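Chain lettering (A, B and C) follows the sequence in which the chains are written, and residue indices restart at 1 in each chain.
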Amino acid sequence: MSNIAKALTGVWIAGVIAVAFLWLPPAQGFRSPEAARIVVFHVPCAILTFVAFLLNAAYSWGYLRTREPLTDAKANIAAELGMLFAVLATVTGSLFALEQWGSAWNWDPRETSIVMLMLVYAAYFVLRGAVEERTKRARLSAAYALLAFPAMVFLIWILPRIVESLHPSNTLFSRSGLDPMYRLTLWSFFAGLLAVFVWMFRLRLRVEIAETRLRQQMSREPETTLTGAKR
Amino acid sequence: MSRSSGWAREAIAVFAKDWLVELRTRVALGAVVLFAFTSVVASGFALEPPSGVPAEVKASLLWVILFFAAVAGLSRVFVVEEETRTADALRLTVSPAGVFVGKLAFNTVLMCLLCAVTVPLYLLLLEAPVRHWNLFVVVVVLGSMALACATTAVGAIVAKATTRGALFGVLAFPVALPPLLVAIHATKAAWVSENGWRVATGDLQVLTGFMLVIVPASLLVFEHIWSE
Amino acid sequence: MSWQIVLRRVGKVYDERPVLWDISAKVTAPGAWTILGPNGSGKSTLLKLIAGLLTPTDGEVVYLHNGERLTAQQRRQAVGMVAPDMALYRPLTALENLRFFARARGLPVQDNDLLSLLEQVQLRAQAHDPIATFSTGMVQRLKVLTALVHRPPVLLLDEPGSNLDEAGMGFVRHIIREQMKDGIVIVATNDTREMDYGEPLIRLGA
């Protein structure tokens, strides 16, 4: 990402935040209309969590097809970013839930879904930590990601049948649901956050590539120099 | 010989071999049944008198016990092949699909045996108010089968890891969660709902659907787990 | 009926650590060959690559039967292998082990056939003992028997004589001589007593 693009992203996000707090009217119909602005930030984080989860599964599948180490690195990065946005979505959601419904945690299907996604990511990272050999780690974690994916899809699908939801359904895309001004601000913030997501993804990937090069260089060096340097 | 009968024959051979080994050593069976037994007895003590505990709580607790008992034993069938270094001979003899289906069948039977021992004891000690017996039996059988389907491939992953420790429980939980939640929901229906069958029919369909999705997914990735 | 194994520029890298690189060779039945090299030179890895237990990082291992490439399934049927880190099921008896490997391969064998096979390796009397009670030599004989139960054209032996006495070495020699009449034998060894089992195929450095 060029410096101009980074600067533009920064200005864009700052602008959207300013709009959300200064220009956006308080949302009537909520218990605390002022606090409802958080929805503008909360929903994009939640969407990006699921985007990251999809990416993780797609890259995992790609890795098993091609056995390309970089694809495994991408799957891992997607999981890391997914974890980050899951935390952000949960925190913003809990803050609003405390204001709106009086308790930070309600076992609402969407709350539960996102926490379970966090659990999958955590399990994925634990698995990666438990395998020493890199190619084996890549293979096993990709396989696990592809087992967890259908399970999570099932979970997200069945949870609403088992517990009742507090979240409004289908407000994001339907015309009657969200106020158009809110919807515009929300999607503008999403665009900015998506740019940050892409930027972070590429940054992490560059670190990963640099680390791989370093490792290759180290292993190419004669054994004696390495041990000699240590002593 | 056609391909399908090929892996079916292999799976039957693996299944028979694994049970023979299990009956001699009783590692998995011992772990699973003992874990379940102690948990049930401990719950019985803790929830004394059981009449004061809501049926919903009892239904949930039953499945929590069954899940953790499964965690104690369902990865054995793969771990033991790696630990005793028999996996390579198996890899050279049997196709990955044959291995997976054989081990899946082993775990399914293990889960059913576990339920046959644990559930009656649980019902007895915790005075569970079962209203619809037929439904309850169907839920237990389908639920335990779904747990076995969800965790067998995860067991294969764990067997390949360098440090196994508590890995199986950590990895198995997210994958096993959907059938677990649905089984709990359906068990509550079988125990307390007046029209249990109507409430639980959807759950039974979801359990079946889950197995129909997770087993092919497992088969798809199993070759990548099993072959080096 | 011609069997051929071709190694084309085979290499195996674990992470950034190369174990084998650029190995090319070709063997055609009948005959016996050896892979020589000190411990840690990658003999076992190479044998596993040939068996299909490992996938090469570079190059490929191809099995040809009358010029046709074998699939993974056909290759499993064509290979028998004995290696120190390929154990049998210790809680099971000799007969049960043999029965499993025969049945899993779809061989229509009865217990009587299996017992006469055990007779050939002097294990008839111990057929119903768990192999946990067996000596090294007895286990090795049973391993060879299970590796050959489906009469594979290719036999791979990793250090077949290790920990064996003279009688055991004689047995291994006999098996190799029988197998090399129409099939392929590849022996990986570090033992000077075993170097004359076949022609040197590949010599690996440390």
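Just so it is clear, a contact is a pair of C-beta atoms (placed from the backbone, for glycine too) under 8 Å apart; a residue touches a chain by one contact, two chains touch by 3 or more.
Predicted model, so just to flag it, every value in this text is computed and none were measured.
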item: Central subunit by CA centre of mass proxy; value: B
item: Most distant chain from chain B, judged by the mean position of its C-alpha atoms; value: C
item: Averaged-CA centre spacing for the pair chain B and chain A, given as whole angstrom; value: 31
item: Chain centre separation in whole Å, for chain C relative to chain A (CA means); value: 49
item: Distance from the mean Cα position of chain C to that of chain B, given in whole angstrom; value: 37
item: Contacts with 2+ other chains: residues of chain A; value: 133
item: Touching two or more other chains - residue numbers and ranges from chain B; value: 228
item: Of chain B, residues touching chain C in the complex; value: 1, 3, 6, 9-10, 13-14, 16-17, 20-21, 24-25, 84-86, 88-89, 91-95, 98, 227-228
item: Contact set on chain B toward chain A in their complex; value: 150, 153-154, 157, 160-165, 167, 170-171, 173-178, 181-182, 185, 202, 206, 209-210, 213-214, 217-218, 220-222, 224-225, 228
item: Chain C-facing residues of chain A, complex; value: 133-135, 215-216, 218-219
item: Residues of chain A touching chain B in the complex; value: 64, 116, 119-120, 122-123, 126-127, 130-133, 136, 139-140, 142-144, 146-152, 154-155, 158-159, 161-162
item: Touch list for chain C against partner chain A, complex; value: 14-17
